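As C-alpha cells, here come the structures.
Look for subunit A in each of the two complexes below; its partner is subunit B in the first and subunit C in the second.
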Partner chain A sequence: MSIQPVSETVLELGTEGEHLLVEGAEPRAYTQRQLFRRRFFRHRMAMISLFALAFMAFVCYGANLVAPYGRGEQDLLNATQPPSSEHWMGTDRLGRDYLTEILYAGRLTLTIGFLVALISTTMGALMGAVAGYRGGWIDQVISRITDLFLIVPALLIAATLLSGVRRNGQFLWWDVGDRLVFFTVDIAFAMILVIAFLSWQYIVRLVRAQVLALKEREFVEAARAAGASHTRIIRRHILPNCIGVITVNATLTIAIAIVTEATLTFLGFGLQPPNFSWGYLIYDARGTVGSDNAYLLYFPGLMLFITVLSVNFIGDGLRDAFDPHGKKERW
Partner chain B sequence: MTDLTALPVEMVGAGTDDGEDAPVLSVDNLQVHFPTDGGLVKAVDGLSFTVRRNETLGLVGESGSGKSVTSLAVLGLLPKSARISGDVRFLGQSILGQSEKRLRDLRGRRIAMVFQDALAALNPVLTVGSQIAEAITVHADVDKKELRARVFELLDIVGIPDPTRRYRDYPHQYSGGMRQRAMIAMAIANEPDLLIADEPTTALDVTIQAQVLEVIERIQDRTRASVLLITHDLGVVAGLADRVLVMYAGRPAEIGTVDEIFYDPRHPYTRGLLASLPRSDRGTRGERLYRIKGQPPSLIRVPPGCAFHPRCPVSSDFDGICFRDRPSPREITPLHDSACHFAETLEDRYAAAERDERDERDERNDYYAAKRRRENDELEAYQPTD
Partner chain C sequence: MLIYILRRVLYSIPLLLIATFGVFLMVSETFDASAYLAQNRSPETRAAFIEKNNLDEPVVNRYGDWLVDAVQGNFGETYRSSEPVMDEVRPAFWNTIQIVGWGILISAFVAVSIGVYSAVRQYSISDYLLTGLAFVGIALPPFWFGLIAYHFATELAGWVNGGEPVLYGLGLHSAGKDGLNLDYARHLVLPVMTLTVQIIASWSRFQRSSMLDVLSSDYIRTARAKGVSRPKVILKHGLRNGLIPLVTIIALDVGALFGGLVVTEVVFSIPGMGRLFVDALNNGEANIVLAWLLIAAFGIILFNLLADIAYSILDPRIRLS
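Showing the complex of A and B:
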C-alpha cells in the first residue's frame, strides 16, 4: 500500500525481451517514482481503465463539442425511439437524443465523484495524520468522531440533509440559494458536501494507522533532532510516506461517491432537472424495466458501470504500483 | 524560518563571547528514569561531564548503558514519560525545561545529531538533496539558488562524488557510507556548535568507517565544533576522541583523556573492555579473547553498591565496600576521574587477584595431580583375584 524503503539499490532488468542486457551496459538503478510508473503502466487493466476514464471525462466535459445534438433539443415526433444510426442511444420521452443527454449528465456525475474524493480525502488524511501523530486526547477525540460517523446510517443522514435543500434551498442552517459552483448549482453543491461529509472516515482510519507506524521510524526522530516542527514533520515526512494509501483510497472514494450520488438521486433525494446526472436518468427510467424502452435504463447504467469499474481498476493498479514487493505482471 | 536578530541575545552570542575554555555542553548529575510496568528503569543515573569547544568526548558503554538516552536528553527529545533531574547546559543555557520552541531552534542549528542507521534516519521518499536542503530551510529562509549551491557544497565537503548528479538521488540509491556522509552533511548544514554522533560508524564496514571518521575530523577542524561521540567501539574512540567517558548501567565509570583511559585505566570495567579487544601488537594470536563475566545488569534492579561489583574480578569480599557503597567518581589525576573504590590501588588488587588465582590454580593442579597419582597407584596395585 505504501512506499517502503528498499534497502538495496533497486535493480530491475525489465520485462521479457529486454531482460537480456546489452554487453557492457550497466544495470540501471530506478528511483521509486520510475519504478512506480513502470509498475503502473504495466498493469493492463489499470491502463485500459485509465484510458476509458479519460475518454469518459473527455466526452462528458467536452459534450458541447462531441455531442451529436444540442442539449435538451426536443423532437417530440421522434420520442422514445430505440437506438438507431441517427440516435445511437435512442431518444427519450421528449424526443431528446439520449446520448447527448447522457454525456451532459455525466459531467455532474464525474464532478461529484472527483470533488467528493478531493474534499473527503484531504479532510480525512489531515485528520488521520494529526490523530496518529499527536496521539493522546486529540487521537481519542478524532477517532471517536470517526467511529461515530462509521456507525450512523450514512444514506439516511444524507437523505435527510438533502431533503432540506430540495424543499427550500436550506442546507442545515445555511441558505444555499442559487450559489454557483463550477457549473452546477445548489443541490449538486450540497450533495458534494454531504457525500464528502459521509465518506472521510475510512481514510482517517487508514492514514492514522499508517502514521502510527511511520512516526516510530527513525527519520521522524532525525527530523525532530534537526529542529523541524510538528507541522513540518507531518507535511514533509509523514504525508509523503502515506501517498500510496491516500491515492488508492481517493480513487475508490470516487467510485463510492458516484454510486452514492446515483443512489440518493434514484431515491429522489438528489439532483433534479435541469441539472441531472446518470443517477437521475436511471431514476427517470425506472418504470421502463421489462418494456421496449428499457434501453433508457440500461445506457446510463452502463455508463455508470464502466466509470465505476474503471475507477476501481485504476485504484487496483495504483495499489499494486505502490507496493514495492509486487513484481509480477498483472492483468 | 528563523530570523537571527529575533533570537534572544544570549542564545545567539553565547558561543562566541565565552572564553575558549567555557564548556559547550555541561551535564551535571543527570538522571533519566522511565517508569514502566516492570518498575523504574534508571536509564541514566547520576551522570556528569563537560564538552569543551572543539573537543571530542567519546561516550563508551555497552548497549543499554544509557549512551543514547544521554544524547536525547541533550537534544531535549526524551519522551514525556521520562523523569529527568539534574542539569544539562548548552553554552550556559539550561536545556531541561526549555520550551519546545526554544529547543527546536537549538536542534539542528546549534546542536546537531548524526544517527547510527542512516538508511532509517533518511526519509525514503525524499531525495537526499532535498533532505539536506531541508536541514537548512528549517532554520533559515534561503533562496533557491543559494540553497542549491549550499547543498552542493555540503555534499562536496563530506566527499560525495559528483554532487550535482547525486543530490537528486534517493537514499536507497546511495551506498551505506554515502548515506552516512549525507547524514553528516545534514548535521553540519548549519555549522552547529555541538555535533552528537550516535554510533556513526557501527553499521559500516571498516574501510568506510575510517572514511566517515575522517570526514567528522575534517569538519571539526573546519567549524571548530565540539563532538559528542557515542560508540561502543573503543577503536573509534581511540582514533577520534580527546577524552573518554566510560558508562556502565547508566552511571559514569571512568572519565579521562584517551591516553589515560587506554594506558592507565582506573576502573575494572574499563580494564575489562580494553582486555577484551583483539590486539595485533601483542602475541595473542590463537588465544581466546578476554571477556567480562556475567551480563549487564537490569536497569530496573541495579546491584546495590557499585553497579559493576557482580562482574568485577577485584571487588571486595561479600559485605565489603563494593557491595555497600555506591562509588562516586573521584579525581585520580586532574583530568582523570574514576568511580571505583579501589581506583588508586587497582594494580595491586589485580596483582593480588592474579596471585590468588594462580595459587588456587596451583592448588587445584596439585589436587588433581595427587588424585591422578593415587588412581595410578591403585591401578598398578590392582591384582585380579580370579
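Showing the complex of A and C:
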C-alpha cells in the first residue's frame, strides 16, 4: 500500500540468469509528505469536502464580489418571497435577498470556527506536550484539570459565561474598591475565547499520550545523547511526530466550534445583529415552523450542515492519510 | 470489589468540591447582580442588596455558606420572587427525567443494534448506508434538526390528518391530559428524536468499531469452530465484550446530553430543567443557575462513577491495575 511502483514491473531474465528491471521501472521512493498527499487525495469524500469547504469559504469571504445584492438592501414590496430565479433563496421579512444575507453571515460562522480551532489546538497541544515530556507533578496537575474539563457540560458553562457578558450590556467590569470599572467586549470575540476555553481538553490527552510514547523512542534518546536541548527535542523531534494527531483534532474542533457557536446563538446567548451568523438566521426564522416561509429555516441550517459535514470528512481523510495502519473506512 | 468502589467514591468527593467551587466562582463573578444597581440606582439600594445577599464577603466564605446550605437541600431563594429555588427545580426535574430517560434508553438500544448490524455486515450496502447516515447525524445541528422535524410533522399532519397534529411539538401533554398514554407518546417523539439523533449516530460508530475488534478475535473463531451457532456467537460472545467500550463513552457523553437537553426543551417548549436554566440565565437568577450546575455536576460525576463500576464488573482486569 505505502510504496507503489510508478508502472508495472516487468521482469526480464538476463543472460546470466539474473533479474533485470526494465528501464524506468525501479520502485520509486516517496517522501513521507508525498505518501501523505497521495493517501489524502485518494480519499474521495475528503476531496469532495475539501472543494466544498473551499467553495464555501470563497463565497462567504468574497461575498462582496459574488453576492447578487448589496448587504442589507431592503425591498419591502418583495418581503418573504419564496425562492425564485431572482432570489435563489427567497427574501426575508424585510425583503432582503436571503442568499446575500446568508453569505455575509457565513463569514462570522467560519471565522469563529477557524479561530477557536487555532487557539484551542495551540493551547491544548502545548499543555499536552509539556505534561507528557516533563511528567511528575506538572503532568499530574495538567491531567487532573483536563479530566475535569472533559466531563463539564461545555455548552452550559459557555452559556453561563456569555450570559454574564450579555447581562451587563456587553460590558465586563472590574471592581476597584468602591467603584466598578467597565469595558466593552465584542460578543463575537467573547464567544471565540469562551468556546476555545472549553474545547482544548481533548487535544491535551491525545498529544500527551503521543509524547509519552515518543520520548521513549531511540531517536529521541539519540538526540539527547548528542546533546540536544529540551526545546530542540520538543521542536524538532517530538512535535513533528504529533502533527497528525494535532491536525486531525484541529479539524474536528472546527466542526464542534461552529455547531457550538450556532447553538449558543440560537439559545440567545450569542451573536446579534449587525454581526450575525447562520445560527442567528435560524434563531430569527424559528417562528416559521409549520408555515410557508420555512425556507428561511432551511437554508442557513443547510449551509451549517454542509460545512460541518465537509469538515468532518476532511478530518476523516486526514486521519486515514496520517495513520495508514489504522482502521480504514472506504469512501 | 467493595474497596474499589469505595476508593472511586472517595476520589469523586474532591472532584465534586473542586467542580462546584469553580462553578460558584464563575457564577458569582459573572452574576454580580449589584452591577445592575451600580449603573442606574441609588448607592443605598446597591448597598442594601449587597448586605442582604452577603455579597461583600470573600468568595470562599460565601461558597462555604452556600455549600453547607446546599448539602441540606436548601439552595436559597430566587432574586425576583423570593421563592425557594427547590420549588422551581422539582417539577422541572421531573419533566426532564422523562425525556432523558427515554432518550438514553432508546439511543442505547438503537445505537447498539445499528453498530452490531454494521459490524456483522461489514462493507455491505447497508453498512455503507448506515455509516453515511451516521456522518449525516453527527453533522446535523440538533436544534436545527428539531425545528425541521417539527416543520415536517406539521406538513405531514396537513397531508394525512386534515391539519390535526399527528406529533405534537409543544410540551409533554395536551391541556387537561396526564399519564402514560398515546397523547404522551405523540408529544415525546419529536423531542426524544432531537435529543438522540446525534448521540445515536456517534454511539453506533463506537459500537461498530468495538464490535469489529471483538469479532475478529481468536475466541470468536474458536467458538464458531467448536460449533456454536452464528447468532449465539455474535450476541453472547461478541456483544457482551463489544459493549464494554460503549459504557465509558456513555458516561463521558452525559455532559453533552445536558447541553442537548437545553436545546430540546427550548425548541419544544417543555417546562423542564433546560428551560429553567435558560430562563435563569436570562433573568440573572444566580441561585437557580448554581443549583442547576450543582445537580448537573453531581449527575455527571455519579454517571462516571457508575460507568467505572460497571466497567470493572464487565472487565475484571481493570480492578487490578
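Simple rule for what comes next: the second predicted complex is superposed on the first by the 285 of 331 C-alpha atoms of A that agree within 3 Å, B and C clash if a C-alpha of one lies under 4 Å from a C-alpha of the other, contacts with A are read in each partner's own complex, and residues count from 1 in each chain.
By definition in this document, a contact is a pair of C-beta atoms (placed from the backbone, for glycine too) under 8 Å apart; a residue touches a chain by one contact, two chains touch by 3 or more.
What you see is a predicted model, and the numbers here were worked out from it, not measured in a lab.
In the superposition on chain A, contact of A:G287 is made with neither subunit B nor subunit C. Contact with subunit C, but none with subunit B, is seen for A:T160 once the two complexes are overlaid on the shared chain. By the touch criterion defined above, A:L309 reaches subunit C but does not reach subunit B.
Once chain A of one complex is fitted onto chain A of the other, the partner contacts of A:Y298 are limited to subunit C, with no touch recorded for subunit B.
Ranked by how many residues of subunit A each touches, subunit B and subunit C are led by C. Applying the stated contact rule after C-alpha superposition, one finds that A:G70 touches neither subunit B nor subunit C.
By the document's definition of touching, neither partner reaches A:G62: not subunit B, not subunit C.
In the superposition on chain A, the residues of subunit A contacted by subunit B and by subunit C do not overlap at all. If you check the complex, the residues on subunit A that touch subunit B are 3-10, 29, 31-32, 217-219, 221-229, 232, 236-237, 240-241, 243. Considering their complex, residues 15, 18-19, 22-23, 26-27, 29-32, 35-36, 38, 123, 131, 135-136, 138-144, 147-148, 150-151, 154-155, 169, 209, 212, 252, 254-256, 258-259, 262-263, 266-267, 277-278, 281-282, 284, 289, 293, 296-297, 300-301, 304 of subunit C touch subunit A.
The residues of subunit B lying in touch with subunit A in their complex are 75, 77, 104-109, 112-113, 115, 117, 119-126, 134-135, 138-139, 169-173, 183, 186-187.
Those residues of subunit A lying in contact with subunit C across their complex are 147-148, 150-157, 159-161, 163-165, 167-168, 173, 175, 179-180, 255, 259, 262-263, 266-269, 282, 286, 289-290, 294, 297-298, 301, 304-305, 308-309, 312-313, 327, 329-330.
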